[in-house]
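Presented below are the structures under discussion, each in the form of C-alpha cells.
In the two assemblies presented below, subunit A is common to both, partnered first by subunit B and then by subunit C.
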Partner chain A sequence: MFYKEWIKTRWALLFILIVTCGYVGYELLNFLRAIGAMGGAHIWIAMITKDEPMFVRHLQYLPMVAGIALACVQFFPEMYHKCLKLTLHLPCSHLRMMFQMLGFGLCALLVCFGLNYLILWLTMRSSLAPELYGKMLLVALPWYLAGFAAYLLSAWIILEGSWARRIFNLVVMFLCLKVFYLSSFPDAYVPFLPCLIVFVLACVLLPWISIDRFKKGIE
Partner chain B sequence: MMRKIANIILGILIVMLVVWELPWLYNNYAVSFLHGDEIGGQPFTLYSGLADDFIQNTDGSQGRRGVSGKTYTVEEADSLLPFFWTTQLVNAGRLPDTIRGFAVSPQLIRQTNINYHRRAYDTHTNRPNCGLWLLLESMPKRVNLEDPDDAFRFTTEGIEFLNMNTNSLKPKKSKLFTDALVKKGFAFPIHELDGNSDTRKDYDEGYLLIDHNRKMYHMKMTAGQPYVKKIELVDETVVPRFVFVTEFRSRCLRGLMTDENNVLYAITPDYEVKPIGEGIHFDPTQNNMMIMGNMLDWTIRITTAEAEEFYAVSAFDYSLLKSFIAPYGSDPYLPGLHFTETIDRWVKPRFN
Partner chain C sequence: MENVIECINLTHYYGKRKIYENLSFSVPKGRILGLLGKNGTGKTTTINLLSGYLQPRSGECRIFGQNVQTMDPALRKQIGLLIENHVQYQFMNIEQIERFYARFYPGQWRKEAYYELMKKLKVAPGQRISRMSNGQRSQVALGLLLAQNPELLILDDFSVGLDPGYRRLFVEYLRDWAHSEGKTVFLTSHIIQDLERLVDDCIIMDYGSILMQCPLNHINDGFHRFHCQLPERLSDVPAPLLNDKQFYHPALSLTGELELYSFLEKDEVEHRLQAMNIPHGPLSIDNLDLEDAFIGLTGKY
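Up next, the complex of A and B:
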C-alpha cells in the first residue's frame, strides 16, 4: 500500500518539498539580509516590541495549500479511475487500508513540514535568542497544523461520492480551517494548541464516513 | 463501530461550528440593525473642575451636556474645560491667565496635561510575551533616548543581559544588575514588571518590578550603572499585583499600581504609594482605563463588563472629587462560542 501511494505521489511530493523549502529559504534570505543590512540589534528590537509574525508571515497559507494539493494528487485518481473500488475489493480490512493511505500522506507531510522547521531552527538559532526563534516557530505551528487538517478534510471531501454532500463538507472544511487563522499575534495559539492537535487527530476518522458511503454506493 | 465514532465526531464538529458562526453572524450584522440605539458606550466625557460636573460631547456642534442635567453651549464647554480646549481658547483669545487661582499659560498646560490609556490586552497575563525586555539608558550622552544594544531576561537566579548583535550573554553587566537587585533585597524569580522601551518618549524611568515576595522595586540604568530603589508600602497588608510605568511629561508620577483587591494606587515621584480616589477599583486583566488629567484634576474612565465608570480625582492628593457610573443597557448580543476576545490576545474556546 505504501509503495502504491509512493508511486502515485512521488513527483507531487518532490514538488511540494521544493516549494515549501523554497519559500522557507526565501523567508530566511530576507531575515539574513535584514540582519546584514541593519544589524542584529535592530531585528531583535523589532521582534521584541512588535506584535507581528516577522519573517514567517508568507508561510501562512503554504502548509494548507500543500495539504490540499497532496490530498488531490493522492485521492483524485482513486475516484476518477475507480481505483478505490478495486482497493476495497482486496481481502484486507478497509479501515486498515484507509489508515495506511492517510498515514502515508500524513508521514509525507510530516517529513516535509519537519524539514521546513529544521531549516528555520538551524538558521535562526545562531542569530536569535531561544525566546525569539521560539516565538517564530510557535507562530507558524497553527499554520502547519492547518496543513495536516487540510489534507485530512480534503481527503474526506474527495472520497465522498455525492456532490451535494461534497459541497456541505467543503463548507465544514472552510469553517474548520478558519479556526487556524483567527490571529497572527505571535504565540496567541499556545493555550489552544493541544485542542488543535486533538482536532487534527479526530479528522483522521472523517474520510471513513466518505468511504463507508462509497461502499454503500451513495453518489 | 468506527463509522459511529466518525459520525459522532462530525456531529460535534457541526454543532461547534453552528454555535460559533450563527451568533457571530447575528452579533456582527443583525444587532446593529435591530438594536442600533442600545449599543455603544458613553460619549467623550471629561470632568470640569470649574463647573464641578462631567461634561459630555453629546450634541455635536449644538452644545454639550453635563451629567448633572445642565446643558452648555460649545463656547461655555470650551471655557469650562480650558485644559482640554486650550488651542481653541488661545485662538479665540479667551484663555484666562489664572484658573482657580493658578497661573496658566499654553506651554504650562501642555507640560502638565497627562494622557494615559491602559487596555486589558496590554496586561502581561492577557497576551503572549517572549520574556525579553529592553532597558534604555536613562541619562544618554545626547539629548534623545537611544535604542540599547542588549536585551534582558529574568531567570530564577538573576537578570541576564544578552548582546543583540552577537547573540551572547553579557556576564559583567548581568552580574552588576543582579548584585544591585540582590543588595536591595530583591527575591527572584520576578512576579511582574512593566516598562516602556519606546525611544520617542521624553525621558526614561526604566522598569517597575514586583519580586517573588511581592515587594515593589524601581530599576533603571543611569550612566551605564544600575539604579535600584525599593518602594516601601506604608500599609503592609497591601499586596502589589500589577505595576505600570507612566512617564508623564510633567513627571508628576513614577507610575501606577494595583493590589490583589484591584485597588488603584499612584506611585509619587518620592516613591510614596497613595490610593487613588479613596479606593477606585481597576482590574487590569478585565478592564480598560483611560486617564486624562491636568495640573488640577484627573478624569479616570474605567470600562468594565457591566458599566463605564467615571471618576474625577484631585491631581494634588488623588482624593475623589466626583464620580459617575453609567451601566450598559440590556445586552442585545447572542451568547455563543468565541475563540478571541477584546480583553486578551489569546486564541482559545470560550462560551459567552
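Up next, the complex of A and C:
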C-alpha cells in the first residue's frame, strides 16, 4: 500500500517539501535581515514588548494548504472513475488499508513539518534566547496541527461519494479548522494543545465514514 | 454442481425507483455466465452488489458460500474484478502496477502471464496507464486478472470502448484461460456478439426481473423467429397471440406481415395459430444469432 501511495504522491510530496521549506527559509531570511539591520537587542525588545509572533506569522496557513494539497493528490486519483473499488477489492481488511493510506500521508506531513520546525529551530537558536524562540515555535504548533487536521478532513470530503454530503463536510471542515486560528497570541493555545492533538487523532476515523458510505453505494 | 455465486431474493431500489425485487440466480463452478439486459435493467447494479459496493435493500449475495458484505478479506484473492472502462491506477506504469499487485497475491501471482500479454502492446514499460488508449488499458487490466489467477472473475461491461481487434483479443484470451483452468466467469457486455463467442450460459434480464437463465445453446438451437403474411389488414396483433406466453413480442409490420418469436417447433406454432383462428399465409422460420434472440426475448424498445 505504501508503494502505491509513494508512486502516486512522490512528486507532489517533493513539491510540498520544497515550497514549505522554501517559504520557511524566506521568512527566516527576513528575520536574519532584520537582525542584521537593527541588531539582535532591538529585535529581542520588540518581541518581548509587542508579544506577538513576529516573523512566523506568515506561516500560519502554510501547513493547512500543504495538508489539503496532499489529500487532493492522494485521494482524488482514488475517486477518479471510482478507482477506490480496486483498492477495496485487495485482499486486506478495509480498515487496515485506510489506516495505511492515511498513515502514509500523516508520516509524509510529519517529515515535511518536522523539517520546517528543524529549520526554524536551528536558525532562531543562533540569534534568540530559548524563551523567545520557544514561544515562536509554540505559536506555530496549532498551525502545524491544523495541517494534519486539514489533511484528514480533506480526505473525509474527497472520499465522500455524495456531493450534498461533501458540501456539508466542507462546512464542518471550515468550522473545525477555524478552531486552530482563534488567536496568534503567544501561549494562547498552551492549555488547549492536548485537546487539539486529541481532535486531530479523532479525525483519523472520519474518512472511514466516507469509505463505509462508498461501500454501501451512497452517492 | 457446486455454485460459486448465489444471489438470493435480491431487492434493490434507487430512491423510489425499483430495479428488481426478489431476484435469485446462481452461477455454477467452471461456467462462463453472461448477464444480458437492456440499459437500466440492473446489470451494473448486480455487479456492484456482487462485488460488495452496493448494499441491497433485502436479500443477499454469496460468493464461495460467504456473504459479500461480510466476506473474509483473504477470500478476495480468489475473485478477480474488472471495473467498467477497464479502470486501473492511472498514475502507475506497466511495471509498477504489476509490482504493486504481486505483493497481495503471494503464491498465486503469475508474472509471466501478465508480461506475455504486455508484449502484444506497443508501449514502453515506463509509459503511464493514463497515457494509454482504451484498448491498451483493457489489456493491462486483463493481464493483471490473468496474473492474479483467481477462481472467479467478475467483469463489468468488458467490451466498452474497445475496437473489434482488442475485443476479439480479450474474448479469446479470456475464453482459453477460463476453459483450460476450469475458472468461473460472470460478466456483462453491451456487445452481444462478444458474449456469444464467450459464454456457456446466459441470464437475460428484463425490467425488474430475470426473463430466463439457460445454457446458450438452448437459445441458439431452440429459439426461432416465425413470420407469415396475414390475408386481412389488421390494425393490431390479434389478442389471443398477445396472451399466449409461448409467443414473445408478436408484431405486425406495415405490410401486414406477422412476426413472432418462440421456443416452440414450427408445427406447434402453426397448430396454435389455427387454434386461435388466425388465417395466415405460409409460415417461415429463421434461425437466430444471440443478438436477434435477445431482441426477440426482450422486445425492440
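One rule holds in what follows: the second predicted complex is superposed on the first by the 218 of 219 C-alpha atoms of A that agree within 3 Å, B and C clash if a C-alpha of one lies under 4 Å from a C-alpha of the other, contacts with A are read in each partner's own complex, and residues count from 1 in each chain.
Just so it is clear, a residue touches a chain if its C-beta (ideal position, glycine included) is under 8 Å from a C-beta of that chain, and two chains touch if they have at least 3 such contacts.
In this text the structure is predicted, and so the values were computed from the model without any measurement.
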Clash or fit (per the criteria above) of subunit B with subunit C on subunit A: fit
Per-residue contact with subunit A, leading partner among subunit C and subunit B: B
First, second, both or neither for A:Pro191, with subunit B first and subunit C second: first
Touched partner set for A:Ser93, first subunit B, second subunit C, both or neither: second
Partner chain(s) touched by A:Gly217 [first = subunit B, second = subunit C, both, neither]: second
Partner chain(s) touched by A:Arg165 [first = subunit B, second = subunit C, both, neither]: neither
Subunit B versus subunit C as contact partner of A:Cys83, first or second or both or neither: second
Closest Cα approach, subunit C to subunit B, once both complexes are overlaid on chain A (Å): 13
Subunit C-contacting residues of subunit A that also contact subunit B: none
Partner subunit A, residues of subunit B touching it in the complex: 2-3, 5-7, 9-10, 13-14, 17, 20-21, 127-134, 147-149, 151, 153, 162, 164-167, 197-198, 339-340, 345-349
Subunit A contact footprint on subunit C (complex, rising order): 48, 51-55, 73-77, 79, 81, 83, 85, 87-92, 96, 99-100, 103-105
Touching residues on subunit A, where the partner in the complex is subunit B: 39-42, 44-45, 47-49, 51, 95, 126-129, 131-132, 134-135, 172, 175-176, 179, 182-183, 185-192, 195, 202, 205-206, 208-209, 212
Contact footprint of subunit C on subunit A as seen in their complex: 3-4, 7-8, 77, 80-83, 85-86, 88-94, 214-217
